[in-house]
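Pasting the structures here.
One chain, chain A, appears in both complexes that follow, with chain B as partner in the first and chain C in the second.
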Partner chain A sequence: MSKQPFISVKDLSVGYNSRSGETIEVLRNVSLDINRGESIGLVGESGSGKSTLALAAMGYFKRGLRALSGSAHFDEIDVLALDRDELQKIRGGRLALIPQNSGQSLTPTMRIGQQINEALRLHSKVGASQFQSRVIELLAQVRLPDPTALITRYPHELSGGQQQRVAIAMALAGEPDALLLDEPTTGLDVTTQAHILELLRELAQERNMAMLYVSHDLGAISRVCDRVVVMYAGEIVLTGTARQVLLAPRHPYAHGLLKSIPRLNQTSLPLALDGRPPMPGEAINGCAFADRCALVDEKCRTTPPDLHPIPSGENVRCFKSDMIADMPALNRKTGQRNSARSDVDSAALGLESLAISYEKKDWLSSLLTPGAKPQPATVDAINIRIQRGETLGLVGESGSGKSTILKAIAGLISPKEGVLTLHDNIILTPRVEDRPAPTLRQIQLIFQNPDDSLNPRHTVAQILAQPLRLYYSLSGSALHDASVDLLERVRLGAHYLDRLPSQLSGGEKQRVAIARAFAAEPEIVLCDEVTSALDVSVQAAVLDLLDDLKTQQGTTYIFVSHDLAVVKAISDRVAVLYQGRLCEIGPADAVYEAPFHPYTDVLLGAVLEPDPDIAPNLSADDVVELSPPAQGCCFQRRCPRKLGEICDKETPPVRELANGHIICCHVPASDL
Partner chain B sequence: MTSVAHQKLQNGSRAAVIFKDLVSRPSGAIGLSLVIFHVGLALISPFVVPFDYKLQNSALMLSQPDAIHWLGSDHLGRDVFSRTLMGGREALLVTGVATPLAVIWGGFVGILFGLVGGRVDEVLMRIVDAFLSLPWILKMLVLIVTFGTGIEVLIPTLAFFYGIPVIRIARAATHDVIARDFVWAAKARGHGRVSIIWRELLPNVLDTLMVEGAMRWSWMLLAFSSLSFLGFGVSPPTPDWGLMISDARGFMSFAPWGVIGPVIALSSLIIGINLTADALAKALGIDRAQKAPM
Partner chain C sequence: MLLMLIRRVLLGLVTVCIVSLIIFAGVEILPGDACTQFLGEYQADDELLAQCRKDLDLNRPAIDRFAEWAGGAMAGDLGLAVDGKTKISSIVGDRLQNSLLLALCAMGIGVPLALMLGVITGLCRDRMPDLIASTLAIFAMTIPEFVSATLLILIFSIWLGWLPGIVLTSASAPAAEFFPEILLPVIVLSLVMCAHIMRMVRSSVIEVMAGDYIQMATLKGVPYWPMVFRHALPNALLPAINVVALTIAWLLGGVVVIEVVFNYPGLGRLMIDSISDRDLPVVQSIALIVASVYVCVNLAADLLTMLANPKLRTMYTRK
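This part shows the complex of A and B:
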């Protein structure tokens, strides 16, 4: 075999020309080697250059970017010197890329078999007569059930996880020697993600491939990678084995990043990493991380550190790598969560037998299919009473009805049945248009993606003025003062007032969205996946902010998330939903410990911790159900603890165990 | 990349930034200069033309270009150069008024359809589609033949027909915007419908409408010239490019100078508008070609 590593990037710098003619570097002197059978994880915050590096390794540059210096070799072929046609021969064949949402990049009008045929025709030497058998082989290889039947299916008939598997099968069609994965599981449900990662791990071992795995999710990295490369501001700051980097990081940035990840075995909030990384093109005299580092001294600010090996085997770009282990707290706060004020027993919000259905009563279809049974409601039989000042976490996979419930509370969807009450005495009218102003003010909503929830044409001042004008009729200097006060409460300053959302970072945008919600002085704030679009370090800061605001104002939160660790960190009580039905509800500590509802158990088993020693426990299939079953338990089709007919026929009993911990399951609590 | 955009945005209002971006693109700079040149010419041409546009001279019928008559003279012995300089006045006036009218009424109706949504919207849009499928020249001729020619008929007619495609565009843009979370957020806060349309929707639809308006303008110019060419636009002796081309067409084989002037003038204006619209779309970031997936 060759002397050179299979994929070898040497001293590569990548940059673009700004409008003013300067060359701006987004990658600086990056070197990366990957051997066959090795899998490397590339981590860092958004903007750190990790995707740029991965794409450059296969000779691809996004619009405007180009290699400034250095080299990139793939099996001793200089990919930077190849022209388009030659590159095309390698890509998709010997070197395959699986991008984020690749499942959704399947052509919707082509059957699965045809799509894989196309990949075989373009990228493999298989003869046309063998396509059929090879397709079946590939589908079996990615562990898809019943490959023969699957060939004639269309992508929309498959679940998200199955689509992702088909995309992986297509990548494998060219018998690749190397696989580049760019956030391949982001956007998938926890259980699906865990299954896909197991598959990738097995495939890499079976086929002796070189694998480069780009992700911001250290939990996923810990499952599939042997070595981890940490990037910061376009540079590699730390490389080492997965165990070294994830368990005892020797760079302050990696240390902070790991601390900012919420974990299941912690009851407190994760520690936030303050500040933001330098922008590409910003002048850096010393270490790029100096401004955010707790160990910083004069030398760090004036001399850029080199990436150098240290005795324990890692390569570190830091002068003080030996001091990290006993490093002072990097962060402002201790991370202790403020607990609920349980002294007053008064309800903020009550949901009584809430049922929501998206199905419309359509005279035409009822005429065409007379006597058709109505579909079971999307959300059904939800009874939850939320105390004042409490944080209730709602967890579940996509399709579990979490967001639907929030929309019903906000009055954006009318429930089919059930009553919503505010303070036990005010009945909320279903439609937001019919609610009186004081009621409207008390319930505010924060959305998942601030890019979408802030009007791109409005400045921060205009955004904050909307609720202030509407609820308090403020204007002039009173409006200005109130806006500045709000910005300060979310730890932004008055100088943000004139900025547009496009001039803010993701975390800053979400802070503005939070400030807008708190402008109403609300009693109840509905948080819909508010941290899932953010980097982990930013997520920790936003969680910390929400917790602070709650202490100051005594706000009640309903916090929806698919991330069980995040929910645990912030919630007093947690409700687990499946297919719009309540499975389990209770104090956070009780829900995250046995006895479990079988679904809670499955969810917790699939959570990936950034620790190579903790393997997920996959007990149920990652099938996605499109609608809830007509009768019986909602989880009957996937339940690993299913008893038998009783689960199919009868709605499970609502059993209260202790201290408000409720599990809805036929299995006796002592066995759970 | 984003940081550069940030720094740029901080140096002035959005309009100023977009204008700078527009003129920094070759297509924007060339297009905008052509448009400004034509509009300027239309304003000052009556005072600078060397000859009276309606002065006939039987001695000069179809005479060749020379030092005095730079583009020769037409079949009535009128100076083609003077007539070309003034030939855009009527076209620019009519389309300059009709285009904003078209964008306003088409935009208003389109936004309304987009907001109403559902079946009503579907049915109304099919009517719009049916209307669009008829050849425009037929529809327009029917109206003009019924109500006569003249500015007071041409402006509303052009504005009406060119507003119909704007409905489609405005409706589609509205559909895109109302599904976004900031509209939901405004609804959940309890803002009224008017406030949501005015504050949340309109600023986001306006960009698309501006580009669409520029595109419609160039189409409308072409339509206006075609009408003049057919004899339904400007009435003689007022100079107009379409009319001049029509008049000189018969003599093209032996006196081509009568056509060349107005053809160059008309096409340079239309190309100028198209280039500007193109650059504007790019400056506003709503250019589809740029959004192609990797």
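This part shows the complex of A and C:
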């Protein structure tokens, strides 16, 4: 029997050579042990080195990176000493990786069957004649529907969840003893994520595998991991059991990270973790976290703390681990959030029987396929009135039409039917080109990914100048003053004016995008997944900023997100959408409590809380539907509460409960 | 799929129609006509001109004549040259064959060489083989064809005396007789097209090799060369199809400079000769042929891309 742990990383440092020739360390003296049957969660912000560590355990370094010192062993084999051929025998075989983004990690020109077949040929002991049946068996094992048909499909023909399952099947093909998972559920819908995690949990137990689970999502970690390792700026700052780390973290960074996660049972905004981690290569004299820590003192700034055991069993890199319990736990603005809501009944925006269809008909296709029935509209029968100063959250899985509705409001796509009204008296013309400037100014859109929405060749000053020139004809010093004022409102300083987007962090970029939207002094701001691309700690800060801006200016938000906890934290009212149809709408507190629409119930049941004691309640499968049903209830095919024919044939009634809480379901509200 | 095919073919036809209209109109609005040109050297008087126009049927409205010309062209009859005797289709036919021969030979050498070099330089990015080949490619692209052609003639036919420096075979000779005269023009053309395609393939290979699925294939344990051939190249070579098609169209469209330098009897030289002879019907016909070639080659390339790219293919076959 081996004395060494199954996977053992010792004092590993990884770095690269900068242009000036210095060696810059990305990982510093990291040690990590994983035994068979054990699953370890590796947590940290982007740039903390967690993926680098996981890949190093396979002897793999991204272009430019190399091991500077230390060792990495897998089953007593020194993976850093192996040559490429020997490494390739282990990789994908006994030691397999499940990648972050399977959509991009599966080769687009190879069929699913071929890709799994390749893994079998390289690593499996089964004979070539059995490959086909083994592929089907593997696909069935990860619970993919109709595996026989699936093997001839290409990756792009599968949904994100299915692609992730294929990646898991491919990893299982080599009959691995250890799995490395690099953010395997990031970017998936809540229901899909919950199902995939359950699958991984079962597989790990069944096969007694060692698992290293890399994620920034503490909810997912709490679901699958026994022990948790927290990384910060290339160092391990805290290790302990999942329960210890997630329920009573003994490092200020882990504490801040946990507090920045919005939770379903909280009504307030999460507590933001201010500042940013040091960049690789930045000089650190004392503790790397000192600049962001509330407990910091002189010693922290001058002496780097060691990773040392504490009496309760964890290993902590902090001098003050016994003082963490006294740190603030809630947002200082708790309870003030709703004060900005005006009680005057004046609508900011009205959507009346809005229907949107992406389908385009041209003369040739209608000539060649006569009598083809038009597809049901992507978004249909949406009636929502949004009050001034209100935040309306739109939630639903991908494909639920949330973003499509925002695009229609912004005038980027023309609705098929329905009317959009501003202030009850101005009818919004469908196309943004036809809208007069004053109307345009009043509606602004913030996109999900600031990397895509900010022009990489424009400085922050140029980005902010555009709306200021367009709507207010500012120039010269007035323009400069207005830009500085905007930056200060989004908590960035005037020195950001000359920077390019590439010189900003993710959170800073999104702040610039927010500043650009607010430059127009809009009444309505449409937020399309504005925090999805950000780290949780940054997300909390952006939510806090949006809330502040609203308090100051009485802005109306429409906030689209697939994250139910985020929506709950920021919204006054929440609308739940499925396949472009409204399922439920009402005050946030009412929507998140019984009675639920069956779909809301399914969504809430799949939310993963960063608490090992709360298990998700999975009541419906995670099949992805590509188009809404032609008639009846939109949720009929997945509904766990389906009554029967009535759900297939008839559009559900709009049942109004107290406080404008509406549920569209055939099941009476008293039973929901 | 069928729908898409019909749409693209229709679009191609429309393009050729519009081009033919533009060509016809362009010739029409030029000052003078076939008769002033033809009779110009005889100091023709008005009577002779009128007679000639009557003979050549030039008095009818332009739209009628266009319809007749277009109808004939569709049936393969391009009409008569300006001398009123020679059939254009027979002059152009020979020249088209010769241009095809030149293009095929250049493609046969240039395309495989370019793909191979592109892949090698892409895989060895920033290392010796890449630096050498990329530098040479820049030279091949930037030195004008007539300079490199002249240099090659100087080296291979004047100094070394290995290859004939000029083509003396007549336009209507069978293909085999063009050897070895055709070799130098083929080499020059291959150099230029090879450089373009190689640089494109190189950047495409670099982009694909940095992709997530290549990292995944490595971490799945696929050895290097199978990974390159199975995972990387099918994706990296897709964008090359269109560049190759553009190059082929350029080759078939008559490589005027090269044909003139080497005295090669192809379409390009016929074009130049006809322009200086003011033989407008021939110029018209060549322009029409070149336009059709461009449309056809691009259509073929688009179809090929669609067949080779699963994303496009399944878009039309599975719904």
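Keep in mind that, in the parts below, the second predicted complex is superposed on the first by the 638 of 672 C-alpha atoms of A that agree within 3 Å, B and C clash if a C-alpha of one lies under 4 Å from a C-alpha of the other, contacts with A are read in each partner's own complex, and residues count from 1 in each chain.
Definition applied: a contact is a pair of C-beta atoms (placed from the backbone, for glycine too) under 8 Å apart; a residue touches a chain by one contact, two chains touch by 3 or more.
No experiment lies behind these values; they were computed from the predicted model shown.
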| message | Just checking: does A:His123 make contact with chain B only, chain C only, both, or neither of them? Give me first, second, both or neither. | response | second
| Is A:Ser346 contacted by the first partner chain B, the second partner chain C, both or neither? | neither
| said: For A:Leu500, using the defined touch cut-off, is the partner it touches chain B, chain C, both, or neither? Pick first, second, both or neither. | reply: first
| Touching A:His156, do we find chain B (first), chain C (second), both, or neither? | second
| query | In the superposed arrangement, does A:Leu470 touch chain B (first), chain C (second), both or neither? | reply | first
| query | Counting only touches as set out at the top, which of chain B and chain C does A:Thr107 meet: first, second, both, neither? | reply | second
| Should A:Val432 be classified as contacting the first partner (chain B), the second (chain C), both, or neither? | first
| request: Would you sort A:Asn659 into first (chain B), second (chain C), both or neither based on which partner it touches? | output: neither
| query | Taking the two structures together, which residues of chain A meet both chain B and chain C? | reply | 62
| query | In the complex of these two chains, what residues of chain A are touching chain C? | reply | 55, 58, 60, 62-63, 84-85, 88-93, 96-97, 99, 101, 104-110, 118-119, 122-123, 154, 156-157, 167, 170, 174, 364-365, 368-369
| field | Partner chain B, residues of chain A touching it in the complex | value | 16, 18-19, 24, 62, 64, 279-282, 410-412, 432-433, 435, 437, 440, 443-445, 447-449, 452-458, 466-467, 470, 500, 502-503, 516, 520
| query | Which positions of chain B touch chain A when the two form their complex? | reply | 1-6, 8-10, 14, 24, 180-182, 184-191, 199-200, 203-204, 294
| Where on chain C does chain A make contact in their complex? | 2-3, 6-7, 10, 210-213, 215-224, 230-231, 234-235, 238, 309-311, 314, 318
